[in-house]
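The structure that follows is given in the form of structure tokens.
The chains carry the letters A, B, C and D, assigned in the order they are written, with residues numbered from 1 in each.
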Amino acid sequence: MKKIRCAFLTCFLVTLLRSVAPLDGQTRVRERPYFPDILGYQTLLCDFHIHTVFSDGLVWPSIRSEEAWREGLDVIAITDHIEYLPHKEDVRVDFNRSHAIAKPRGDELDVVVIKGAEITRAMPPGHNNALFLQDVAALDVNDWPDAFEAAMDQGAFIFWNHPGWLGQQSDGVARWYDEHTDLVEKGWLHGIEVVNTHEYYPEAHAWCLENKLTMLSNSDIHNPLNLDYHVHQGDHRPLTLVFAKDKSEASIKDALFARRTVVYSQNRLIGEAVYLRPIFAQTVRLNRTQVSLTGTRERFLQISNRSELDYKLTLKEPPDKLIVPQEIVLYGGKTVLFSIKAKRKGLSASESIALPYVVDNLKVAPNVGLDVTFQLDVTFAENQ
Amino acid sequence: MKKIRCAFLTCFLVTLLRSVAPLDGQTRVRERPYFPDILGYQTLLCDFHIHTVFSDGLVWPSIRSEEAWREGLDVIAITDHIEYLPHKEDVRVDFNRSHAIAKPRGDELDVVVIKGAEITRAMPPGHNNALFLQDVAALDVNDWPDAFEAAMDQGAFIFWNHPGWLGQQSDGVARWYDEHTDLVEKGWLHGIEVVNTHEYYPEAHAWCLENKLTMLSNSDIHNPLNLDYHVHQGDHRPLTLVFAKDKSEASIKDALFARRTVVYSQNRLIGEAVYLRPIFAQTVRLNRTQVSLTGTRERFLQISNRSELDYKLTLKEPPDKLIVPQEIVLYGGKTVLFSIKAKRKGLSASESIALPYVVDNLKVAPNVGLDVTFQLDVTFAENQ
Amino acid sequence: MKKIRCAFLTCFLVTLLRSVAPLDGQTRVRERPYFPDILGYQTLLCDFHIHTVFSDGLVWPSIRSEEAWREGLDVIAITDHIEYLPHKEDVRVDFNRSHAIAKPRGDELDVVVIKGAEITRAMPPGHNNALFLQDVAALDVNDWPDAFEAAMDQGAFIFWNHPGWLGQQSDGVARWYDEHTDLVEKGWLHGIEVVNTHEYYPEAHAWCLENKLTMLSNSDIHNPLNLDYHVHQGDHRPLTLVFAKDKSEASIKDALFARRTVVYSQNRLIGEAVYLRPIFAQTVRLNRTQVSLTGTRERFLQISNRSELDYKLTLKEPPDKLIVPQEIVLYGGKTVLFSIKAKRKGLSASESIALPYVVDNLKVAPNVGLDVTFQLDVTFAENQ
Amino acid sequence: MKKIRCAFLTCFLVTLLRSVAPLDGQTRVRERPYFPDILGYQTLLCDFHIHTVFSDGLVWPSIRSEEAWREGLDVIAITDHIEYLPHKEDVRVDFNRSHAIAKPRGDELDVVVIKGAEITRAMPPGHNNALFLQDVAALDVNDWPDAFEAAMDQGAFIFWNHPGWLGQQSDGVARWYDEHTDLVEKGWLHGIEVVNTHEYYPEAHAWCLENKLTMLSNSDIHNPLNLDYHVHQGDHRPLTLVFAKDKSEASIKDALFARRTVVYSQNRLIGEAVYLRPIFAQTVRLNRTQVSLTGTRERFLQISNRSELDYKLTLKEPPDKLIVPQEIVLYGGKTVLFSIKAKRKGLSASESIALPYVVDNLKVAPNVGLDVTFQLDVTFAENQ
């Protein structure tokens, strides 16, 4: 391109203004889904699988930081493909470049931007993300074990992406290969995506529990985020909740290796009970636990839920003396009524009664919801 | 990058699936704002000012076609800067490339994608878009008049962008220069952006009327569209309505040169009465025009509006014998009540009464709304 | 209550202003769901089962007309219980009073308000609504057959309400009794509620088809409408679509006796194919019917749906030579993509191909959707 | 009405089911606007001016408790007119009846339902509400001073309603009369509605400050709530925030007499700084107060606002050394960016800088916003 004098000032102003104007302080708004901090840790909202124009993504890297900030995320990883570069005729190949462009925007907005890459190979071992890299180019090698080794040399956290992806499993079923056993035994595989995009892989969920691997949930976003998720209307991308000492990269890495994560996908959380239980407990409140019932007259307790999720509860076992809801949905950000009445007349003592429910969309294992109990002190009175 | 055998199949599948999967038939939905066809022409929704990563935009060109289809547009122009290429260290300079990438996606979706460019110069003449180019590279020349001439050689339609842009007018006031007079006289300038992004330039509006130039309204979008416009919630980018014989590029070009356009920005239309009047007439309906009034009792007519806009009407002159609303808003897609009553008792004849209103947000000139009249046949009866 | 002089003016002003002020022209807005007129008839939106404080409802009758107008209805019937009057200690018993209060507001707003009543008896015959009454009090008699006879004497249209209501069928299953056979044989029973509130009774659906009875769908509303339906967010009460010559009571009555109705409940229509077919045909548009396919390359047709419903289509039988969607949702008010490609290479002729789909939520019988066919002229070309 | 045997069971079932069914636990949902508890008090959301069918309202009294619970209110008062009873031909006159019907539903839902009445007289003294009555009938007397005295005899809290109401002041301007001076001097007038429905009375605001009267904001609702307020879309009725020791009637009364209230109307709060300041402080958070600036480079702080309101801030006085936003909106429930940069190069010390803003929609007097200050520790560094 020719250099031209008259355009100089114009270009300078373009730089100055265009980069700021459409994104001034008031069109840029962040709305963060509420999750409580638990067990002394900060709860961080993270997406560890993101593409840009530097591989097969369709937005400039800085946009990834901007989208993350607006949606309320704390942490993202830029993980462009190493082996798959369909834009390479137009976009210069530099494996470290997308992170370098995304990071300053992240810094400006207090979003942590981790340098990562997607090792994009045939199955096995399929696609795997390596996070916390210093030099992605070192992973651009012929054989996939060499790529893993190069990542390990840099202290990477490595996880297996979308194990049931139709692109590699034509029936959509995740399969475990000897290569994965080898990787786990060597300490070269630390986690699996239990959710990728809108897909949940129950097999991967079970493998994480069996092999003590970290559960992850990521967007794998290629489009501008808002083309795939209706964020303006309350939709959200799949996220990994990370419970970290603080928001530093070191603490995030510690938490990932220590498996302190929960998967947040659509209207469900997937993870170990040790994390799901305090999230439920800290977001759900019963307005009273002392109830007096007269005859078989119905009364209403009120349950409020200040989380983002609509918790779906099913009664595990009906109590002897009470009629309570068989199923109830605790809507996120709202309060609902919990109907309660004596099963028959003539009950007259006071007693403490446990109401055992299962939260169907807090999953501690495939098809297993979290057990929760409401404990009530009930006084039965005769009908007037 | 090294070629590696094992990744071949994977990459093929990535291509096959990734480019389709997140954009399958059911996540891709188009919602078109309703505007009636008028005067025997098709009404096309157009955005003639759009950037991509190939200049200073932040999305891949194909996304521009996708965004346009989903928002209900019929026509876009890709108009990357010629002289301002901040990504040139990463993105290969090829002035025709962004259109070449955007067009196949447009063809797939029946969105017309016009090849254009933004001649990006200091003021005067400021930034100007040239549309319907065959070879953008021919405009990459030292002096701006040569760039205009190169565009004219290709039969371009040329319009002046954002004449009051803060980047070139520090007080935000659009100024007309001798250079613009020259351009108009030579027939090298055919239109002006009356609206760019969220800015309306009343001076430009007046110049278009005086000099018989085409009025345009464009997004000048650099970000992913949904970061700047909350399309999922009913927001829209600024658009140019073009009244064309059909949806071919030739007809669109004819319409632009014939000044058959209306500006659609936020909740207003700006243009000549000859176009605004039928749009109003074809979208607004009074449920009856024969009204009998008894004494001074209030009655309600109903006005429905099937356009996207909330028309804001102000009574121009109160009629002698009736009390009617001083102001009324006809909400888009809805029906409202129009209160009417005799000003005093004792009126008893039948007569045809004209109610003259101004539609404040259908602008035929700066600060001048469109005049409309509701004609009613009123029968006055004595109070029972 | 004592009469007091000083309050007179105040009270007058209260009357004048309070009855109008909170409902002035601009807070009162009507939004009508779109349904096309079909077969030369006007399509009217009707709710024939509504309660007020004059039986066990919880709003003043005039509100029923106001709610109906705002939600876009054309016709309502006020059908307070005759035999069930829980407010009678506070509200004077006058069976014709609720209609008399609701009607003037309906007249003001062009909503037809039909005088009806609910004959509220044990099962059989259960609860039955009589419409088009002159004097409801005549139905307040001891034995239910006498009440039916009194209604017939007034030329009433009579239909059986919520036949599977838990209040009268503890298992929620609708049951047909000999009394209903008698009523039908005598010509005293003309229709059945196939939908009441959120309940659909498949048995009632079948009985209507077998016995040539009119299908109805009504709200049975007791609360203020917006407590049970989130109308501000796009929700709607169950409605009966009536295909009438015009909007007069006489024509509505004709249409009901002639069984020209369709049930509109949630996201489905229930009725005879003769009515469902033109509704589908007049609201759905394929952007082209001539398609040329090259090799096995995918192409997209576009289907727009200007109705309120999301039509859910399932492919009945896969065509020999094409791959088309097995399932597709045509979102209401939107356009979606219809993917089409040749099943294999080497097809080269031109031919007309029928694509047979079932619209699952346009129900012509319990569990039977409407058959529709898209006819395409397909030209197959060799791969380049 | 005749008693009929066969309907008995039916009626019983109707009672049993209809009163519960449309309002079951899952269609009844409460969403409470967030306001923090302040100064050791509970913050209660209250509406002290509500009508039912027992005067000129249009819903049954129990609905008022239901609407209040769903909208998140803690306290309502039923205040039917004493002297204005347009439904008296249909609804039996009993001044205590509407409260008696509303209260059990309130008890069921933990909504406090206060017995009140509107003393509805010509101006002066206009309409006045008396709260905490035992027997409303005692206020049904000829002369208005006797009505006030009867209220005072019951220990009532009395406030003047809508002093600028068009029904009594044809120009919409509130006027103070000698009668009001007398009432205040006697201790018979304790507060004024600063907001009624959508109207704000600045004169009343000033009078409350001058005369140490309690400020109130009430709906004066006659319609079903959702016809006047789009609650499903985030709209709210005008509310009085009451800062009370607990949720008992006694504590609410104490708080009203002690003037511990704030008016919440549309997107503004009106009240004394002593209450507005902690509400602002407890809902707004700056993400950091230590800022280092390099040269004149822009940095962004982040301000989050967990209240319901969008706070609108205007800079009171530009600081010497910093460029900060002249105006900024802190959107409710969101985080926005606060741009900050050094005014010129060459600043190099560290210092604590106060940024004085006015919150325009937290009103401490008519046209006077609340002063707030952000204190920053700024370190200036030379440009690299």
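To be clear about the criterion, contacts are C-beta pairs under 8 Å (C-beta built on N, C-alpha and C of every residue); 3 or more make two chains touch, one makes a residue touch a chain.
Computed from a prediction, not measured in an experiment: that's the story for all the values here.
> Go through the assembly and pull out the chains touching subunit A as well as subunit D.
Intersection of subunit A and subunit D contact lists gives nothing.
> Can you check how far apart subunit C and subunit D are, centre to centre, with Cα atoms defining each centre and the answer in Å?
39
> Determine the centre-to-centre distance between subunit B and subunit D, using the mean Cα coordinates as centres, and give it in whole Å.
Between these chains, centre-to-centre, one finds 42 Å.
> Tell me, which residues of subunit C touch at least two other chains?
Expected reply: no residues.
> Determine the shape of the graph in which chains are vertices and touching pairs are edges (line, ring, star, complete, other).
Drawn as a graph, the chains make one closed cycle, so a ring.
> Flag every residue of subunit C that touches subunit D in the complex, lowest number first.
1-2, 4, 6-11, 13-19, 21-23, 27, 53-54, 56-60, 62-63, 66-67, 70, 81, 83-94, 97, 101, 120-123, 127, 140-144, 165-168, 197, 222-228, 230-233
> Subunit A touches which residues of subunit D in the complex?
Per the stated touch rule, the residues are 20, 25-26, 28-32, 108-110, 287, 298-300, 302, 304, 325, 328-329, 331, 333-339.
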